[in-house]
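Each of the next two complexes has chain A plus one more chain, namely chain B in the first and chain C in the second.
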Partner chain A sequence: MIEYAVFFFFAAVAVIFALMVVLHRNPVVGALALVASFFALAVMYVLLEAPFLAALQVIVYAGAIMVLFLFVIMLLNLQKQSEEPTRPLQQFLGYAGSAAFGIGLVYYLSKYAVMELPAGPFIADARTVGIRLFEAYIFPFEMVSILLLAAIVGALLLSGVRMEERT
Partner chain B sequence: MIPTHWFLILSAILFAIGVCGVLTRKNGITIFMSIELMVNAVNLTFLAYARQFHQIHGLIFVFFVMAIAAAEAAVGLAIFISLFHHRATIDVDEANLMRW
Partner chain C sequence: MNPWMHYLVWPLVKFLVAFIIVQGIVAAMNWVERRLLGFVQARLGPNRVGPKGLLQIIADPVKFLLKEDIVPANAETIAYFLGPILPLIPTFLVYCLIPFGPPPTFVAARVNVAVLLVLALTSTGVYGIILGGWASNNKYSLMGGLRSAAQMVSYEVPFGLSIVGVLMLSGSLDLVKIVNYQADHIWNLFPQLIAAFIFFVAMTAETNRTPFDLPEADSELVGGYHTEYSAMKFAFFMLAEYSAMLVNCCLMTLLFLGGWTLAIGGYGLTTQTLQHMGIPGGMLGVLIFIVKVMTFMLVYIWFRATFPRFRFDQLMDLGWKWMIPLALANIVVTGVVVLLGQSLNFQGEVVLSIAGAAIVGYTLYNLRPRAKVVHASRVSEV
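Presenting the complex of A and B:
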């Protein structure tokens, strides 16, 4: 029973802060609300018996990626810029379309995706994930490291290191 | 244990909120954060099904999605910094050079 209480509380937290990201005008508030939403999602990962990925969610997403977002928002001094609202037609179509999409998806899931719970516990700790990652998935793992290196070089080049100024 | 479809429904709601953000906002960084929200909703679906079917592959996939989201965030934010230097705004409607 306590599991359900935790689930519904943190689900409500995740949804409310996600709505805040979308509806709030100030991007700094949006970024902080997104951090809160990611923390609530980490709790969901713990409930899904994946503590390793919950830790990764907190460290990588809520820690690293969102700090990057906050740095960029503050670097560009965006909270002073007032964002003019979108056209009313786009506004209406965006809200109505996404609401229809969400309601349809929820209806479909609650009608057709109801499944029996699996028998027996599912062990997905860091040890199991690590063994699988370094045995069967070693090639994609190395590819991701090259991708991250390429992303670092690309970010440096794009964000203003001017080569002609250096020489 | 909480049934799997509760997690799927939460994930669908978060994904729809992310879609709404992408469609209705003009601030580039907010659109980017909405995309991150959608990526996380998909991660939640992966983990819910991984537990349902006792498959460790779902967790590995979430791991890779996180790594690629980090790379995407770095490059995307660099693009927004570059755009801000050129146009002094990150309104995505202003970046209309290639618009028809």
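Presenting the complex of A and C:
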């Protein structure tokens, strides 16, 4: 019973803050709302009896990535964003695309979503996650690492080019 | 037992007791720090209020409570108020997870991924500093917040990586199991010497303490992120900083110095021995734990008294070019030795301890006092 109360409270928190990320004008507030949403998501993992994933969620997203986001937002001083909409067609396409995606998501979720949990105990501790990650999902894991490497090389290239122009 | 008592009331009571004791220690640390700094710098420090200045512990909060609370005219109001309060929540929550003595009496909540949860909570403490710096609408404050963000992100990496070796040796993320492992074998300080060093440096950087206090560098940024804060809000920042220091010292003690035990190879005051002794044994364990933690708090103050502040590029160099590669190398070496030890049946800890001792010996040998000829070009460089 108490699980339901906790679930619905934090589900509401997650949804409200996620909406705030999209709708709020101030990017700093948006970033902070995203952090709050991540915390609510971490509570979901705890409710699913996966505290390992909850801790990882907070460490990786709230503790590292969002700090960098905030850093960049503050560095660029993007505090007040209230520009006039200049491209009505693109704006309309954006709204239409998002709406289509949202409707499709709801449709497929209601059609194919798992309504019953699979039988057997649900284990998501460090050992199980590690073994799955390095046995069953080793290929996607390595692909992600290559993707990140490409991003690092790209960043180096971009900053390197600027250095050459300056000198 | 009634599940409500077991899962809610008792942990809350334990948490409150730990919380009150910890806050007492934090308040006292302020006085200890100022007296010790005075001692190191050949002056007196606060010695007027009460015997040896001890009542300063009460006088300071009273002053903070009575001072005028100023909000800058162009501050972002909500963020400005959230700034000092946000970092308090995670640093206080951490005390639920830290075992102060032998289980089950002295642990409020024993979680099987306690190390990760503690890391997660401490890593979110930086938001208060960033928010406070940004919301003050002051260039110096913003610079302080930005520096803090960059420093945190850089030092979070070696901080986390240095723990991995400990986890590989003990094979668990549970703080209690890690402590028991150390009592049965040897303090992780010896086989994980480099990791312990990296951990201590990174945790000094995480709490913005000298020599890593760039976010509040008074000589460059007035007061950094807390320039615009006065009265209780400023006190909250200080409270969060000292609480975080204490949490980190507790982690250091649990991960590298055997927590509440005083045993080697299973002989001495292990958890079982202390549990057999009942309540006095538990108290003894807590005492041992507090002595170890306080030693590290004193090292923090010693650092502050003796080290000059790093420059920002030196800070980044130390983090990214020295500590992260060192931590990664430590992980590889530890992993190889542990695996070899399992398959060839020898004690990996012994090998790692000997290797660590050799490295320290070599470093000390290189640092031995020698009659130096200082070249003229070196002097002009300085």
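Here is the rule we use: the second predicted complex is superposed on the first by the 117 of 167 C-alpha atoms of A that agree within 3 Å, B and C clash if a C-alpha of one lies under 4 Å from a C-alpha of the other, contacts with A are read in each partner's own complex, and residues count from 1 in each chain.
In this section, a residue touches a chain if its C-beta (ideal position, glycine included) is under 8 Å from a C-beta of that chain, and two chains touch if they have at least 3 such contacts.
Just so you know, these numbers come straight off a predicted model, no measurement behind them.
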Note to self: Is A:I138 touching anything from chain B or chain C once the two structures are fitted on A? First, second, both or neither.
What the structure shows: neither
Notebook entry, point to check: Which partner does A:V35 reach: the first (chain B), the second (chain C), both, or neither?
Noted result: second
Next item on the list: Could you say whether A:A55 touches chain B, chain C, both of them, or neither, answering first, second, both or neither?
Entry: second
Notebook entry, point to check: Touch check for A:L75: first (chain B), second (chain C), both, or neither?
Noted result: both
Note to self: Quick one: is A:I16 in contact with chain B, with chain C, with both, or with neither? Answer first, second, both or neither.
What the structure shows: neither
Item checked: Contacts of A:Q90 with chain B and chain C, given as first, second, both or neither -> first
Next item on the list: Check whether A:V67 is in contact with chain B, with chain C, with both or with neither, and answer first, second, both or neither.
Entry: second
Check: Quick one: chain B or chain C, who's touching more of chain A?
Finding: B
Notebook entry, point to check: Hey, what residues of chain A end up touching chain B and chain C alike?
Noted result: 52, 56, 64, 68, 75
Item checked: Complex interface listing, chain C residues touching chain A -> 79, 111-113, 116-117, 119-121, 123-124, 126-127, 130-131, 134, 142, 145-146, 149-150, 152-153, 156, 160, 173
Margin query: Give the list of chain A residues in touch with chain B in this complex.
Written below: 3-4, 7, 11, 14-15, 18-19, 21-22, 27, 30-31, 34, 37-38, 41, 44-45, 47-50, 52-53, 56-57, 60-61, 64-65, 68-69, 72-73, 75-76, 78, 81, 83-86, 90-91, 93-95, 97-99, 101-102, 105-106, 109-110, 113-115, 117-118, 120, 122, 124, 128-129, 132-133, 137, 140, 144, 147-148, 150-152, 154-160
Margin query: Under the definition above, what is the set of chain A residues touching chain C in their complex?
Written below: 28-29, 32, 35, 42, 51-52, 54-56, 58-59, 62-64, 67-68, 70-71, 74-75, 125-126
Next item on the list: Note which residues of chain B are touching chain A in the complex, please.
Entry: 1-10, 12-21, 23-27, 29-30, 32-34, 36-37, 40, 43-44, 47-48, 50-54, 56-57, 59-60, 62-64, 66-75, 77-82, 84-85, 89-91
